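Several structures are given next for inspection.
You will see two complexes here that share chain A, one where it goes with chain B and one where it goes with chain C.
Coming up: the complex of A and B.
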């Protein structure tokens, strides 16, 4: 077996193991439970949620913001590392692109789940006001889905053509890979168009990703609410997305490396680099958190001081400090040491970062809504607090499971590490042609 | 067993009957209705009675709504002539416009006497209230003195033609909800029965029209008397509503121009590249076919 054949063998998609099948079944069960809860929510209305006059946005919007933030990882690694020609990026970019694609798809779905009347989705388009951040969000999410697809699909073409040949003993699969590869032959004309288009999309995705995160922030900061009325929110959201995206990437890369036994391609060096990137992200986000939470405490009016007090010492103190210490301080402290950047430690740090990042979005959305400038009259006292209902949890877990399922299926059928590029970098092939060895 | 004597039986029945009677009396106890009546006379326009019906409830005076009141004019020798009926509104108030009144027929010092009568119902006992007023000559005009418009008003007794002095008058500008006081709160008529009040500049009125009122408020003899005078030197209000302008909060059809230009440039610019990329995918697909050809 030639080096090239061995490489293809190692990087080609593989069937699910027993654990993989159980994982997929688990995800499907979660999704089915969520779909049942959602159907009930449509039938009964949003009364099945615990969203009321105060908390009119709840866990769905927190979850939506989390997905939008996670999708940032695609542009961050795929585009920046691609444009700066960092060779160590090769085994990571596709995983990042897959995460970004799955996350932005689920962000789009989640926002529909939050609608009381999903059958009126088209109203978002026909009654769109260009002044409304909601309209910007609808436009930018649609745009980002298209770009995430392109940045994932374009570099895949040579690998799909390789898989077409690799699966020649499975005609049906081979035919599909052939169709998806757009009859890729690796000709100079095709490569020229592909490189030019990838370059174009890689440049485009960076401003679009920044716009996406900023618009997500502006959904909040264009409303005059305590905790949201901040000029800091755009960069604050970008920094937060950088952190959660990196955390998500590290956790996913670790699992894929372990399951597919890709230690030869995804080395400790990659984790060391990713660990440093996570520290950088955590430090930047810490800086913006200081701007967002500490400085206002000096100058803030009474209403905002109450909001901050609730976060520091009140009802949300436990969650706030868990998120701050677990999601910001702990990663910086642990990952400053080389041992902390070993794959296993880094994986667990990343898991904590992702979990705290999810709760961070919950803390951004909910406490503010519970503290309006004027108390809402004539509503039960219980409406002044919020905790998601069973329906909300089931639907939220279903969306998270949906994102995981999209990633799992893409990892199952696509080569997670670019085959042709790896072969080129290792000198096994040149210009798509196998070297004679 | 000893049989009760007829005396005890009679006494027992008497007590039971008395208790029953007291209970019924308490159940049928009616509230006392209080009527207060004010007479308004708008010179050259209309006279009306403003009637307020109240009762003393558990938490102070409360309005009595929906009761029917009959209004009489009191004539000589206390004879009455009915002027009509009116119901109180939810605030317990009824405004009865006096039509068909008979002039100078009361046998009192006053020119007109009115009686407001409530006949009683299940909840309230019958009640009445009267008011007597005399006619008043109150004229108002606009005079320009040293280029400054002044409102001048004069009070006279129409029967004798004598000026009424030291009487309190108010000058107000009529507004939709609450009149705007012009000058001081109260002016007193001089020995000629006149007042003169400078009108400040900058008053706004629809089409520049200003409707001033000179008011004698709740006078013991004349009631409330209002004389109107209009002027056209008001400032025409300018419409500062942003309803029709292009603002961030306007409807979709009134989007600010900069918002139409820059976001659309961004959107179409980005989508141009996206569509170009999809076209390039098609070119990649076609390039194979071209190679085959």
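Coming up: the complex of A and C.
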């Protein structure tokens, strides 16, 4: 077997193992449970959630913000590393692009789950008003879905053509790969168009991603609410997205490497680099957290002081410190050591970062809403607190499972490591022409 | 705005005193008087007070009740040439809650959060507690309208902020944006009477019917203004706390007493809630000084956890 054949063999998509099948069934069960809960929510109304007139947004919105933030990773790794010609990115970019694509799709779905009248979704288009941040969100999310798809799909073309050949003995599958590869032959003309388009999309995705995170922040900071009414919110959200996106990437890369046994391609060196990226993200995010939660302590009006007190020492203190220590302090300290950036340790650090990042968004949404300007009176006592209901948890887990399922299926059918590019970089082939065996 | 006012007044007088609802302070009394059939053809005169306070005799035949004339009325534009305002005199409020009761009843509110709330307030420990009714502030710079993505909530030229419940998508951004927490959401199918549920929804009459998955709030009762009547809360209040009127006419009334808006606000040091936010509310407050009844009287009716009585009566 030639080096090239071996490479294709190692990097081609593989059938699910037994564990893989169980994993997919598990995800599907979660999704089905969520769909049932959602149908019930449609029938009964959002009374099935624990949201009420004060906690008027809840876990759906914080989960939405989490997805939007996660989708940032696609542009970070894919576009920035591509444009800066960081060649160590090669085995990681596609995974990043897959995560970004899955996350932004789920973000779009999640925001609809929160709507009281999803049957009127089309009103957002026929009655759109440009001054509402939600309209900006509609525009930017659809744009980002399109761009995320392109930056995932365009570099795939040569690999799809390779897979078409690889699956010669499975005509149906081969045909599909052939169709999806858009008749890629690797001719100079095709290469020129592909390179140019990828370059363009890579440049385009950076401002779009920054705008996406910023608009997400503006959904909050365009209100008068304590804790949201902050000019710091745009960059604060971008920094947070950088962190959670990197965390998700590391965790996913680790799992895929383990399942597909890609240790040869994704090495400790890559994890070391990713670890450093995570430290950088955590440090930047720490800086913005200091701006957001420490500085106001000096000049807070009474209401804001109460908000901060509830976070530091009050009702939300446990969660706040879990998120702050686990999501900011811990990664910085652990990853300063070289051993901390070894794959296994880094994986667990990333898992904690992702979990704390999810709760971080919960902490951004909920406490603020329960601290309105006028006192909460004349409503049932239960309206003064918020904790998601069973329906909300089922639906939320279904969205998370949905993202995992999209990632799993894409990983199942696409080469997670760019085959042709790896072959080129390793000098196995040149000019896109494979060596004849 | 300031320049327009005198013109408006001149027009008002020259046109033989067509009166609109609130323009004429005692408008309601007049409408009732006029609607008596016997008074139609005689050259009887009516004594009217002009906006600058002088009394004039006007032949009844010259009076036209143009509050009934709906020609050209557009629910998104409102009553032409009007700017509705409310004044809430905190010195008179003793938390009798008749306003809330009437509002709940007439808007068929079935949720657990009333649109009109009477807050138990105390600004600082050393200061006296007081009762503070809140309605929608009908802000001139309404943050709720700014953030609505589909133009479901809108600001009319007459100052009223309304909701089109057939357009609302239920994103609740307006609720997040409102600093006065006055908006409520229909979390479930409202348990309204069948005949109300079957009414065609109309932004002019909020709650008629309420629609699941959409936002509701105080509408300043345009449906009452159409009939030449004052909003439900104003007429229901036994203590005359609420004054309603037209800013251009510079008059507000609680049904029994009528004041010049500008003078009332000047003399009693009127203010608006959270003025510093720049939302420019249409609701003014008069401070709770020299109170008619002691604060403690209201405690009897105060219920921290309920604002809509759950009774299956009527």
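By our rule, the second predicted complex is superposed on the first by the 432 of 437 C-alpha atoms of A that agree within 3 Å, B and C clash if a C-alpha of one lies under 4 Å from a C-alpha of the other, contacts with A are read in each partner's own complex, and residues count from 1 in each chain.
Please note the rule applied: contacts are C-beta pairs under 8 Å (C-beta built on N, C-alpha and C of every residue); 3 or more make two chains touch, one makes a residue touch a chain.
Being a predicted model, the structure only gives us computed values, none of them experimental.
Enquirer: Looking at the combined model built on chain A, do chain B and chain C fit side by side or clash?
Expert: Aligned on chain A, chain B and chain C clash with each other.
Enquirer: I'd like to know which partner A:182 touches here: chain B for first, chain C for second, both or neither.
Expert: After superposition on chain A, A:182 lies in contact with chain B alone.
Enquirer: Check the residue A:150 against both partner chains and state whether it touches chain B (first), chain C (second), both, or neither.
Expert: first
Enquirer: After lining up the shared chain so the two structures overlap, which partner does A:405 touch, if you call chain B first and chain C second: first, second, both or neither?
Expert: neither
Enquirer: Scan A:127 for contacts with chain B and chain C and give back first, second, both or neither.
Expert: both
Enquirer: Which partner, chain B or chain C, is in contact with more residues of chain A?
Expert: C
Enquirer: Classify the contacts of A:429 with the two partner chains as first (chain B alone), second (chain C alone), both, or neither.
Expert: neither
Enquirer: Quick one: is A:278 in contact with chain B, with chain C, with both, or with neither? Answer first, second, both or neither.
Expert: A:278: touches no partner chain.
Enquirer: If we overlay the two complexes on their shared chain A, which of chain B and chain C does A:190 touch? Say first, second, both or neither.
Expert: first
Enquirer: Quick check for you: in the superposed arrangement, does A:163 touch first (chain B), second (chain C), both or neither?
Expert: Neither: A:163 stays clear of chain B and chain C.
Enquirer: Mind checking 181-189, 235-243, 253-261 or 271-279? I need the stretch of chain B that runs into chain C in the superposition.
Expert: Looking at 181-189, 235-243, 253-261 or 271-279, the stretch of chain B that collides with chain C is 235-243.
Enquirer: Using the superposition described at the top, list the residues of chain A that contact chain B and also contact chain C.
Expert: Of chain A, residues 127-129, 131 contact chain B in one complex and chain C in the other.
Enquirer: Okay, in this complex, where on chain B does chain A touch?
Expert: It comes out as residues 248-252, 255-256, 259-260, 263-264, 266-267, 270-271, 273-274, 276-278, 280-281, 283-285, 287-291.
Enquirer: With touch defined as at the start, can you tell me which chain C residues reach chain A in the complex?
Expert: It comes out as residues 112-114, 117-121, 134, 143, 146-152, 167-173, 175-177, 179-181, 183-189, 212-215, 274, 277, 303-307.
Enquirer: Which stretch or stretches of chain A touch chain C in the complex?
Expert: That would be residues 44-47, 49, 51-54, 56-57, 114-117, 120-121, 123-124, 127-129, 131-135, 138, 219, 222-225, 369, 372-381, 383 of chain A.
Enquirer: Mind pulling up the chain A residues that touch chain B in the complex?
Expert: Those residues of chain A that touch chain B are 127-131, 136, 139, 143, 146-147, 150, 153-154, 157, 182-185, 187, 189-190, 193-194, 196-197, 200-201, 204, 208, 211.
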